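After this come two complexes, each holding chain A, first together with chain B and then together with chain C.
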Partner chain A sequence: MIRYLARRAGHGLLMLFGVSILLFLLFQAAPGDFLSEMKMNSQISPETITMLRAQYGLDQPLPERYWRWLKSSARGDFGYSFAYNTPASTLLWPRARNTLLLSVPALLISWLIAVPLGVLAAGWKGRWADRLFSGGTSALLALPDVLIALLALLVALKTGMFPVGGMTSINAQDQGTWAWLRDLGWHMVLPVAALVVGSLTIILRHVRASVIEVLESSYMRAAEGHGLPRFKLLFGYALPAAANPLISLFGLSVAMLLSVSLLIEVVMSWPGIGPLLLESILARDLFVVIGAVMLSTVFLIAGNLLGDVLLYAFDPRIRRQA
Partner chain B sequence: MLDKAPPKNRERTQTLTSGDLGLPKPEPLLRISALSVDYNAAGGNVVHALRNLDLAIAEGETVGVLGESGSGKSSLALALLRLLPKNARVDSGSIEYRGQSVLGFSPARLRDMRGAEVALISQEPALALNPVLSLGKQLADLLLAHGKLTRLEVSARCSEMLRQVGFDDPERILRAYPHELSGGQRQRVAIAQALICRPNLLIADEPLSALDVATQAEIIDLLQRLKRDLGLAILFITHSAGALASLADNIVVMREGEAVARGTIAKLQANQDDYVQRILFPEKSLAQAAHTASTIESGAPLLDVRGLSKRFVQKRMLSRKEFVVQSLDGINLALLPGSTVAVLGRSGSGKSTLARCLAGFETPDAGEILLDGKPAANDKGGRPPVQMIFQDAATSLNPRFTARQIVAEPLEIARWKTDADRTVRAVKLMEEVGLDPDWAARLAGEFSGGQRQRLALARALAAEPRLLVMDEALSGLDMPLQAQMVRLLMDLQSRHGLTYLYISHDLNFISLFAQEVVIMDSGRIVERTTPAKLGESTHPATRELVEAGERLHAPGVEAAV
Partner chain C sequence: MALQGATLFVAAALLPVFATAQTATQTATQTAAQEDLFRTTSEAGIRGGKLVIAQRSEPRTLNPVIAIDQNALGINARLQADLIHINRATQKTEPALARSWTVSKDGTVFTLKLRRGLRFSDGQPFDADDVLFSFQMYLDEKVHSSQRDLMIISGKAVKVEKLDAFTVRFTFPSPYSAAERVFDGLAILPRHLLEKDYQEGKIGQAWTLSTPPEKIAGLGAFRLKQVVPGDRVVLERNPYYWKVDGKGQRLPYLDELTFIVVPTQDAQVIRFQAGDSQIISSLSADNYATLEAEEKTRHFKMYDAGPGLEYNFLMFNLNSDTEGRLPEVARKQKWFRDVRFREAVSAAIDRASIIRLVYRNRAAALATHVSPGNKGWFDSSIAVPAHSVSHARDLLRAAGFSWKGDNTLIDSTGQPVEFTILVGSSNTQRAQIATLVQNDLKAVGISAHVVPMEIRSATDRVLNTHDYDAIVMGLVSGDADPTPDMNVLVSSGQTHLWHLGEKAPATPWEAELDELMQKQLVTLNYQQRKKIYDRVQEVLAQQLPMVYLASPDILVGAQENLGNFHPAIIEQYTFWNAEELFWHPPAGKK
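Now for the complex of A and B:
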């Protein structure tokens, strides 16, 4: 088990390297850098710009810059933000926390809803309840995520029950921890709901499809022939046997949710990685972009690693190979 | 099928009283009266799986149901527990368990009956166990579903049951998962599952077909012992008369959903009906056909294989270990036109690799394959002179293709004539392999196992090959069907001058079919002989195959032949 995980983690590390190199190359290929716009400003002398360039290390060749960045990253310091004039890590960590605050509950809620519903739909296959359900999920699937976010905003605006954006109210901090938490929770409702609606349908359809496939197997018929109760057949026998592809999907759904989350953060002005990434790309704030993308990659790898661990725990056949 | 006379003997009472236990009640344990089951196949066709079937089983009695595949045996097993798939329905008739109508049971009553009163061992035991749950859980769940027992009692009962089916270390088995056991062990666990709630009736649907000979004998012994110890009634469904000879009190012979004969094995052996004889003695029906086998032409060989070698190297990522499997090691083989050569060997002896090299799926590392003196590999385009038939017709045919599409596909690839011509040819080929041309529009998935193998044969013939390579092409079929296929193959050979390379691990029909036998072991040809001299061989690899073949002959059948 440990060897298996170590190997998987090694693959993840290699992937991080690859992503970082790719990012540096892409930035190199893009025209201009953070200082290019200053050249337009006649009040800043070319000497100052050259000096700044040397100070930021932008005059160094690419391999040298990459090497420096790698060394500082190893210390947990992801370079410097040009725009905010602070270390990139102090910008990134709170943002990452905010993003996780949205995507982790959304992930859990959508799986907690999708699994039982999907299993039941598979058990009802062909009946009106299942047809209604399939129709509903296809309709939801056709909705773009932006539209879902905008609809959520519309709900907030029309009902006035929910905040239309942001993470906390302006004066929330003054009213004590409890009130602050409640305020935060209130702000989370709509973005999380939008995320759940966006990812739920895909998961649901996968759960339904793989349980249906298992239900047609001969061991399910044998189990039915043994007189086991229906609930046990569906949840105790069919679901574990169908879990294998679903667990892989769980790892992937982390990535899926993360990308949707970036979009929804921008639309609903949630101070996560999404808006930061957008701003820093526009400002060509090299190290912040790289840090943000690297963080997303880390989340993705962690999600897949979690999937691997779950797979190992659930499937005795995989346990044996590892 | 319509010219068949209606079932002559409906001696229902005779099957009732054969048990010598002295029945306390006149009512049998299970009584099936005039049961008919229909399947709705695609395209609005209705297939009659069972027609007007009568059957009764008394307490402690063993009734055998004998029939070739497609005779409705499995539908019977499923109908009794109301496990028929959704496209099937009971058309008429009744099923009574201790005088209660099973067809009228509520879902709850049905659940109570399943597993606890009437238990099922399904056709493929290896697939009857959930792959991700421990065997202990799968056994315990049955007890928990059918009674109120404490954890301790449950685990004691499970261990005891596993001991009864012949496991010395039940604790290890309880913790194990299905993939950790052999096929025979899984079968025994499936039997333990079926019996753990002490049912009165066990329905065993082809419980032996997936097992090797030694395990088959073990399972029959086990069933006999359990029958004696537990007073179990058994409905034993099979295509092999041998298994029933020692086990069944009474036998019902089924054909196309109908009971065509019934009685003890001795009585059936005396029955002169063609079908009954064929199913009891599959080999016998072939003896006449053997005389028509074509004689070998002499002269230049059609296929000449020289020094063929192939090895496989398995590598793992991030590991330097390499596993080299020498699958073929200097094979020399020559086939005369119109002859049949059988290649025999255990699994893993390299015989399938040989077939794949000949058909061009694998590139050999060394050696050459000459067809009519020319290298075979260069022959690209057109219709290939070598065709292959695979073991499992079900997976070698696209289930979403119609029969016509399947047979016409090689012609289409070769761009042979027009679409209309190809259809005509496909229909003719279907006729040639004994398939009803009216079925050309049916999907491959709607054909039975034997019919699918015929379809695969028709597809192979479409390209007008000179050499047919058959890799275990008959092993998936039951004995009567194998006999039919062999007859068909011999017929086609004499008509088209085909050459056969027949690859197998068992000796069924070899003596009637092949002029030369080649024994392979670990990638080498270890012996060349004729079928008649196989028995005299002293080579250990050959002996092993011959002895396994002898054991495979069912005792009842052998005595009668």
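Now for the complex of A and C:
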């Protein structure tokens, strides 16, 4: 188990290095840097810009800049934000927490809904309920995530039932911890709902497909022939047999949710990684972008690692390999 | 020239001191007898309440020495104060921390009398040493303050001396017509809080968003209460603020001023509709129309403050370093360099439809970069070029162009006239302008292709690689005064965008512009200066280094019961007078 996990974590670490090198190269290729906007500002002289370039180390060759970044990451700073004049980590941590606050509940809710619904749909294969289900998920899949978020905002604005963005109300803090928590939860409803709607369909369709595949196998037919109750057949036998690809999907769904989450955060003004990443890309605030992407990669690797652990626990074949 | 704000303030001894029951203002009112306060002339309001304003992103820093982003400038201007301030409504200077000042005959020496008895928002007293300390930081090369460049005139820095505890002398190396305006936005910072950081060479890292609020103080109307990263910045009333209203009541009226982060304009509109924020600015004409339709039902009032200082234009690449390196661009530059070609393009463009279709008639057509909103400097005698395809054709014919059977314009060598127009993809309005221009040019047989591009990449082409044919872009003048335009208009200027890096003026008219702009810089008399600047506008209208198109109106809105709301066309459009804003008693809702 330990060896298996260590190998997986090692892969993850290698991936982080790869991603960071790729990011540096991509940024190098992108035209303009953080200081190019200042060039358009008629108040700032070229001498000032040259001095700032040296101060930020932007005049150094790429390997040197990468090495400096590695050293700073080892200290836990993850580079320096040109725009904010602080270590990138101080910007990233509070926002990462806010992003997780959205994605973790959304992840759990998505799976809690998708698994039973997908299994039932598989059981109803070919009947009208299944067709309705397939049509519905196809339609949802076609909806862009931005549109879902905007629709949610529109509903909130028209009905006045939910806040139209932000994380807490202006006065929430003055009213004690419980009121603050309730306010926070109230603000979470729409973004989490939008995230669930955005990610649910893919999971649903996967669950349905894998369960159907299992249902068509000969041992399931045999079980059916023995007269096992339908419910027990679906959830007691078909689902565990179909679990293997689904658990792998779990890791992937973390990545999917994160990318949708970044977008929904921007639309719904949720103070997570999303708005920061967008701002930093536009401002070419190199290390904040790299930090934010690395953080997303870490979440992704963590999700996959969790998937691996679950797989290890569920699938004896993997245990034997390891 | 001696300027005094005598009509705007009265001596402190005459002031009836307004005492409130609040403990926070106790210390302030006790010392008020010796305080040299500024008395405002606007409507006296009522204390209390909160105001929420949405911004695209949070301020990157709270340090005025290094701040350059608009969000930081807007918040810092509430936390800090300057010596001489530009009143956004009149576009003229007025006394701030300097109660009055005198200028030497040759216009180089400014002697400023400071207000006495003032306190920073942490209760510490203010005097000339704080002024000296602040300017020491701004002028220090090692600090890399962008403000420094404002105070370097022809390579030499302004000299700052303390004459006594409340008198400071500024000596400029040469006469400087915009000197008074330079003081606007230069925050006077508390020496007692920042001296240690400065001495240790760490001033650049001081006053970040994670600095505890009690470590940050200023002379502005508000002081910092709380920062929630990525979400909001909360300011509270500064009990020591140095302005009072006509009734002697100390400003500001609002208890709290909160800036929330709402990354997109559409989301900002929704937050404003929902009442989460009570002021909205920089609206597109479309969003403005949407909100205007809801004025009655949702109890807000929308304002069109008239054309602002942003000017949008079509610019041709006139750089001279393209020869050999970029043969395709160099080939087309033979057309671009002919003023008749530029004039023909200008005549072919229908500015009226740009105004109508892109801005829903909420913009002004332009002949030069000076918008009609710039009250003191706009030359109304220069007409906006009329839309005339036949005139454009005459000009092109005279320049040696002709047309093939299918109305394709060809140059004297028989090459069809074809070029690309770059445009920043994130600005919808400019992308629409580029498309309209492309259409208009078709009528004279020019085949232009619009290429939307991420704004930084486009800027990189304009500033560094010079690999472009033409671009639709916009610039915003920093101030109504002509001086900030120096860098665009003077041939050696760093934002002389159409032809960068000129060692000497490339054309006679650029030489004339250089001379005129240098002359206005040292001419102190407004009438004479205006005459010089009128000539600058005339040259620009004739030579069209940029084909000036339109200045959009500043479109804003606020809850209808917000008092003293007077939107301006210089930043910050809606809350430049935040200390005077107040809530009328609820007739409707708040």
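Basically, the second predicted complex is superposed on the first by the 310 of 322 C-alpha atoms of A that agree within 3 Å, B and C clash if a C-alpha of one lies under 4 Å from a C-alpha of the other, contacts with A are read in each partner's own complex, and residues count from 1 in each chain.
Basically, contacts are C-beta pairs under 8 Å (C-beta built on N, C-alpha and C of every residue); 3 or more make two chains touch, one makes a residue touch a chain.
Given the structure is predicted, the values throughout are model-derived calculations rather than measurements.
Of the two partners chain B and chain C, more residues of chain A are touched by C.
In the superposed pair of complexes, A:R95 makes contact with chain C only, with no contact to chain B.
In the superposed model, A:F314 lies in contact with chain B only, and not with chain C. Of the two partner chains placed by the overlay, only chain C lies in contact with A:V164; chain B stays clear of it. By the document's definition of touching, of the two partners only chain C reaches A:I44; chain B does not.
Once the two complexes are overlaid on the shared chain, A:L204 sits clear of chain B and of chain C alike.
Of the two partner chains placed by superposition, only chain C is touched by A:L276; chain B is not. Judged by the touch definition given at the top, the superposed model places A:S36 against chain C, while chain B stays out of reach. Within chain A, not a single residue is touched by chain B in the first complex and by chain C in the second. Those residues of chain A that touch chain B in the shared complex are 7, 126, 217-229, 232, 236-237, 240-241, 243-244, 314-317, 320. Of all the residues in chain A, the ones that touch chain C in their complex are 30-32, 36-46, 48, 51-52, 55, 81, 83-86, 90-91, 94-95, 98, 150, 153, 156-157, 160, 163-168, 170, 266-269, 271-272, 275-276, 278-279, 282, 284.
Taken in their complex, chain C has these residues touching chain A: 50, 52, 57, 60-61, 63, 66, 68-69, 141, 144, 146-150, 152, 204-205, 208-210, 228-232, 258, 260-264, 266-267, 270-271, 273-274, 276, 455-457, 459-461, 463-465, 475, 478, 484-488, 493-495.
Residues of chain B touching chain A in their complex: 81, 83, 86, 110-116, 119-120, 122-124, 127-134, 138, 141-142, 145-146, 177, 179-180, 190, 193-194, 318.
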